[in-house]
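In the two assemblies presented below, chain A is common to both, partnered first by chain B and then by chain C.
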Partner chain A sequence: MRRIEENPFSWLLPVAILLGVFYLYPIFDVLRLAFTNASLRGGEEHYTVDSFVALIANPALPDILWTTFVFTAGSVIGQQFFGLGIAVLVMRGERRRLYGMTALRTIVLIAWVIPGIANGLIWQMLFSEAPFGAINSVLRMMSIQPVAWLSDPGIAMISAIVSNVWRGTAFSMIVFYAALKGIDPTLYEAASVDGANGWQRFRFITLPQMRAAILVNSILITIATLNTFDAIISLTGGGPGRATEVLSLYTFNTVFRNLDLAGGSVLSVLMLVISLVLAVGYASFLPRREANE
Partner chain B sequence: MRRSLRVALLATVATCFAGAALAQDLITKDRVGPADAPKTLTFRLTGDGPGNTDPAYAEAYKKVFVDFIQKHPGWQIKLERMSDNIGQEQARMLEQAKSGSGPDCAAVDSFVLALFMNAGVLKPLNEYFTQAEIDDLFPFVREGITGKDGKIYAWWWGTDLRVLYRNKDIVPTAPETWEELKAAAIASKDKGMEGVLVNGGRWEGTTFDWLANFWAQGGKLVDENGKPIFAEGENREKFLKAVNYFKDLVDSGAAPKRVATIVNYDEFNAAATAGTTALFIGGNWQLAQLKNTMEPEEFAKWTFSPIPGPTKDQRSTGTGGWTVGAFSNDPEKVALCAAIAKDIYAGPGNEIQQQLPTSKAIFNKYDVFKSEANQAFAAALVDGQARPGVPIYPEISNQIQVMMGDVLTGAKTPEAALDAANAAVQAAYSRL
Partner chain C sequence: MTSESREKLWDLATYLIAIIIAAFFLVPLLWLLSLALRTRQEVFLGASRFIPKRPTLGNFEQILSDPAFINYLWNGLKLSALGGIGCLIVAAPAAYAFSRFHFQSRSSLMMSILAFQMVSPLVILVPLYRYMASLGLLDGHFGVTMIYIAVSLPMAVWLLKSSIDGIPKSLEEAAQIDGCSRFGIFWRITLPLVAPGLASAFILIMILNWSQFLVPFLLLTTDSKLPISVAIFTFAGTSSASSTQVLAAACLVAVVPAIVAFLLLQRMIVGALTAGAVKG
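Entry: the complex of A and B
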């Protein structure tokens, strides 16, 4: 009787079936629907490329893509920046055996476990422009003019990015914290002997050693941000106007407001292509293993 | 004698407790009826049920549901609660019903009922209602539930309408025209308020509440074939006039710019209770909510009047409400669904939440609808207008929401926003 490790198909099969049913089948079905006139309104379904033509001719698409780019870029940069900053802070605090580092990590993680819808609602209350809105009330107490957090199209996008960064920073922090833990301490000791200051140690040791972590994190949070819609739908609903209507929300609206299943499927395919291109692009920068390793 | 009295008392108390315990067993968070009942009906409902966030309403519904299930032995009703994102929930339910995986019976929002009827997923309910009951419905309700074949496909049990709420201490006289409302709102600002509040964010309420201003001028969204015509000819002028009216409210400071973010009627309740607004356009059901929320002396300051029109003679208000429809292929389940509509909602449900009934018979049956306020709401139904029951309406609404945000924030001129909305709607219509 052959040992199980000599026959990989027997133990790979369940995984392959699960992946096929829950990942590949929906993708194929979305691809199929994209080439139909499928609608939630009913009616005969037939194959056509009209949905692709309609997408290309859609005058709203460039604005939606630009909004998506701004939201994604802002969120990714913010989450990387704050995630790295907090991870470095926690590491340094732990090295110096400062109290409160575990509490700091926990506080950051709390934001991460909050569901997207709840995140949007929390920030909606904070950004409320009603006279009793949380942040504006504080500003008024400090004799500062209240800010149109959600009703000004430009500021609404910044507000959406802030709420997303607040929630997503914890994930980046975990990735960077793990990567920082993995850096050989003798590198820092040698740099100290050579007289390197703090910035030089960060610039020439920490950042290069974390290159893979930063790239992997970039891939993951870019794709996650690109697919974010729950936090935005509860924060702004995509408004005012279309100021915060990112591609994922537009896809959702196409299916669940316009009831256009085929149009939504075309947009889903577009999102899949963008995610794949970004992932491949990022991955190409990942450090390769040497051939003799 | 005293002993027998004690025994009788004890027996009575025990019976009461047993009855209460039995009632508790008959209703849980997601089920009504015995867990081992042989027949099951899935019922998808909104907050209009035992899960209502108001404990008094929830208790009242529980009692009605338990009474109902006791009259239908052998059944259990599995409750599926919808989230507050009604548009999404209804669209998802339509998709499920089309694929045969929807609930047996469900609450269907009146504004999407036409979509469900056109998709052919609802079962006719004529045999469960008498012709007299159907004839007694308000005409717009009867028309709304009747399919092209003349059969009724749901029971529209409660309706509502929008009015202008005002704090009499700050705005003593009811504004009757757009200009009077603007002047009253600006005057209220001088007394520390934030002007008139209206829905202006990305949700159905924005479209529905604003449409009253378009309808008041005689504007039409679609023609008799369901084709969008709101941007053509006279309709275009009326549409722009109504958009410019809202823009002027914001530009003049009569309404705060934040109206472009309002996506919930609860925001009006919050502002009224906090004493930061004296005017808002809301639904009739909010009167009971304000009463429950405010101190009696504060609530006494509030009243309502019809939504102002461009002139005193031009009036309209949006009428909506909920229906109950059946998706099941099982005639027994369809019958039970019709019974839910008839015995739980059309009458008891109206009374519990003071949802306006859809027929004269029920208006006359319950004392609560004889109150001065509810009589006034009923009288205002004369100006009521329902959203057109056409497949393109959800997209028209979506584009009006986008347009309103663009206009109120100054991102686009009303003309440019209307053109963009019309282009998007026509493109969607061409693909229907």
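Entry: the complex of A and C
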């Protein structure tokens, strides 16, 4: 008994089993299925590389990848920029003991707890071109031509990014807020003594000190955006046409609408590879943390 | 200009920007509320009736008197809570081991647990759908709960680890000298002390489970088993422009529990999140 208790791995066993059954094994199975002709309809399965060949030959793929890239890049840049800006603003407000800073932080965080599906539906009501669409009816009141927020392919992407930034900024803000709190205040005092102005303090103290937080946050939100599915399916459903059909939505449609399990598995493998490359890429920029542990 | 008056000017700018940001984040929710309080006629008046002239609670009445809708809410609550409890039961021992044992490959194991969080649920659902079909677990809450547990495990382990790290070791050592077993220490000393951390992790996981869409959407087919997140999506698909006010009310009802849970326990949740963020 003693021995089991003192072995850390026996404490890790439940987690290992659960992650093994629900993550590791399925991942291996996706890799295997990618080399079959499996269909959700059933039928005989045999091993083949046809699904890979079909994917490479698929004329829609470059468009899907480009859409995914634009959506992800726009969301990540927007969320980082907004998140950092709000975190700096809240920190300044708190330092000056201004009222309402906690309220501001709370308001931003509320958007984060809203379910993705509801997020899509809420923004659909804002962007809608019907009379109840908030943005267009304000434009109409100001006698400005309404905009086809969700039915113009170019604008639909911007709308999708805006809604995603609205919901996702909170996470970046809280990461940056925590990182800002962790900066040693004597650094700023020393800089003030040296006569550095606000911008210089931000440029030469805040940004370098936030390097790790910015990188970690980049990995997390890039991958979260890449996996975004519910907010897009309820906002645009991937349309108009295929203008907002990102990789996760395309994978979903391949498996569960076209019942092409093998093709969907190939796309899943592609998603895994992209996430892996991103994670490894970002991680290689991270400073070694072991040194100070 | 003195530096104090310059600071005052900056304070003004801070407020100004803060108001713009608050508006950007609040207006979508206020618009939702505005639509939900309208009659069908007023919906078509758009922004000119931001505050409806004849506000009505009829839409909420319609939603909340529908037994099917109450059932969706209940399913959402049940799945979120069971998923949260299950997740903590599995994660707590692991978090304890990561915090209190020193063993080789500890940090690489922690990193690999985190790596699972980067895998889209969509990827694992493709094969899981087939296993569950062959095991007869499709369209049941048990299978869905198990996947909820697995999906939130990585975050739970990390959150609980940083909570346990915050507890002084001396109390545990005292118990050890008194002859308490490892598991006894974990059960009778560490867990009670880490109760606030467990609570905030539980609430956070419940909020995230509440917004789960993909897992129940794919694995559940019977209407009476669906949680609210899937139900409002299905409802949106069947509703038309003339029922927008009802959809808005339904959205609001789906969103409010998560917001309330967050507001009540915001200090705890933000604390857990920032602790995780600083160390992660």
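The rule is simple: the second predicted complex is superposed on the first by the 282 of 293 C-alpha atoms of A that agree within 3 Å, B and C clash if a C-alpha of one lies under 4 Å from a C-alpha of the other, contacts with A are read in each partner's own complex, and residues count from 1 in each chain.
Quick note on the criterion: contacts are C-beta pairs under 8 Å (C-beta built on N, C-alpha and C of every residue); 3 or more make two chains touch, one makes a residue touch a chain.
The structure presented is a predicted model; accordingly, all values stated were derived computationally and were not measured.
Chemist: Determine, for the superposed arrangement built on chain A, whether chain B and chain C clash or fit.
Modeler: Aligned through their shared chain, the two binders clash on chain A.
Chemist: Would you sort A:98 into first (chain B), second (chain C), both or neither based on which partner it touches?
Modeler: Second partner only, chain C.
Chemist: Let me test your reading of the model: by the given contact rule, A:131 touches which partner, first (chain B), second (chain C), both or neither?
Modeler: Both chain B and chain C are touched by A:131.
Chemist: Counting residues of chain A touched by each partner, does chain B or chain C come out ahead?
Modeler: C
Chemist: When the two structures are overlaid on chain A, which partner does A:243 contact: first (chain B), second (chain C), both, or neither?
Modeler: first
Chemist: Between chain B and chain C, whom does A:27 touch in the aligned arrangement: first, second, both, or neither?
Modeler: A:27: touches chain C, not chain B.
Chemist: In the overlaid three-chain picture, which partner chain does A:223 touch, first (chain B) or second (chain C), both, or neither?
Modeler: A:223: touches chain C, not chain B.
Chemist: Between chain B and chain C, whom does A:62 touch in the aligned arrangement: first, second, both, or neither?
Modeler: In the superposition, A:62 contacts neither chain B nor chain C.
Chemist: I'd like to know which partner A:195 touches here: chain B for first, chain C for second, both or neither.
Modeler: Neither partner.
Chemist: State whether A:185 touches chain B only (first), chain C only (second), both chains, or neither.
Modeler: In the superposition, A:185 contacts neither chain B nor chain C.
Chemist: What is the contact status of A:11 with respect to chain B (first) and chain C (second): first, second, both, or neither?
Modeler: Second partner only, chain C.
Chemist: Give the stretch of chain B that clashes with chain C in the superposition, choosing among 8-16, 62-70, 80-88 or 368-376.
Modeler: 80-88
Chemist: Just which bits of chain A does chain B share with chain C as contact spots?
Modeler: Residues 40, 130-132, 233, 252, 255-256, 261, which sit in both footprints.
Chemist: Which stretch or stretches of chain A touch chain B in the complex?
Modeler: 37, 39-42, 50, 54, 57-60, 129-132, 148, 150-153, 233, 236-243, 252-253, 255-261, 263
Chemist: Okay, in this complex, where on chain C does chain A touch?
Modeler: My answer: residues 7, 10-11, 14-15, 17-18, 21-22, 24-29, 31-32, 35, 43-48, 89-91, 93-94, 96-97, 101, 103, 106-107, 109, 113, 115-116, 118-130, 146-147, 149-151, 153-154, 157, 181-183, 207, 210-211, 213-214, 218, 229-230, 232-233, 236, 241, 244, 247-248, 251, 254-255, 258-259, 261-263, 266, 270, 273-275, 277-278, 280.
Chemist: Once bound in the complex, which stretches of chain A touch chain C?
Modeler: Residue list for chain A touching chain C: 1-2, 5-6, 8-9, 11-12, 14-15, 18-19, 21-23, 25-27, 29-30, 33, 40, 86, 89, 92-93, 96, 98, 100-101, 103-111, 113-118, 121-126, 130-134, 136-138, 140-141, 166, 174-175, 177-179, 181-182, 213, 216, 219, 223, 226-227, 229-230, 233-234, 248, 251-252, 255-256, 261, 264-265, 268, 271-272, 275-276, 279, 290, 293.
Chemist: For the complex, which residues does chain B have touching chain A?
Modeler: It comes out as residues 85, 87-88, 91-92, 94-95, 98, 115, 118-121, 194, 200-203, 256-261, 263, 267, 270-271, 274, 276, 391, 394-395, 397-398, 401-406, 408-409, 411-412, 420, 423-424, 427-428, 431-432.
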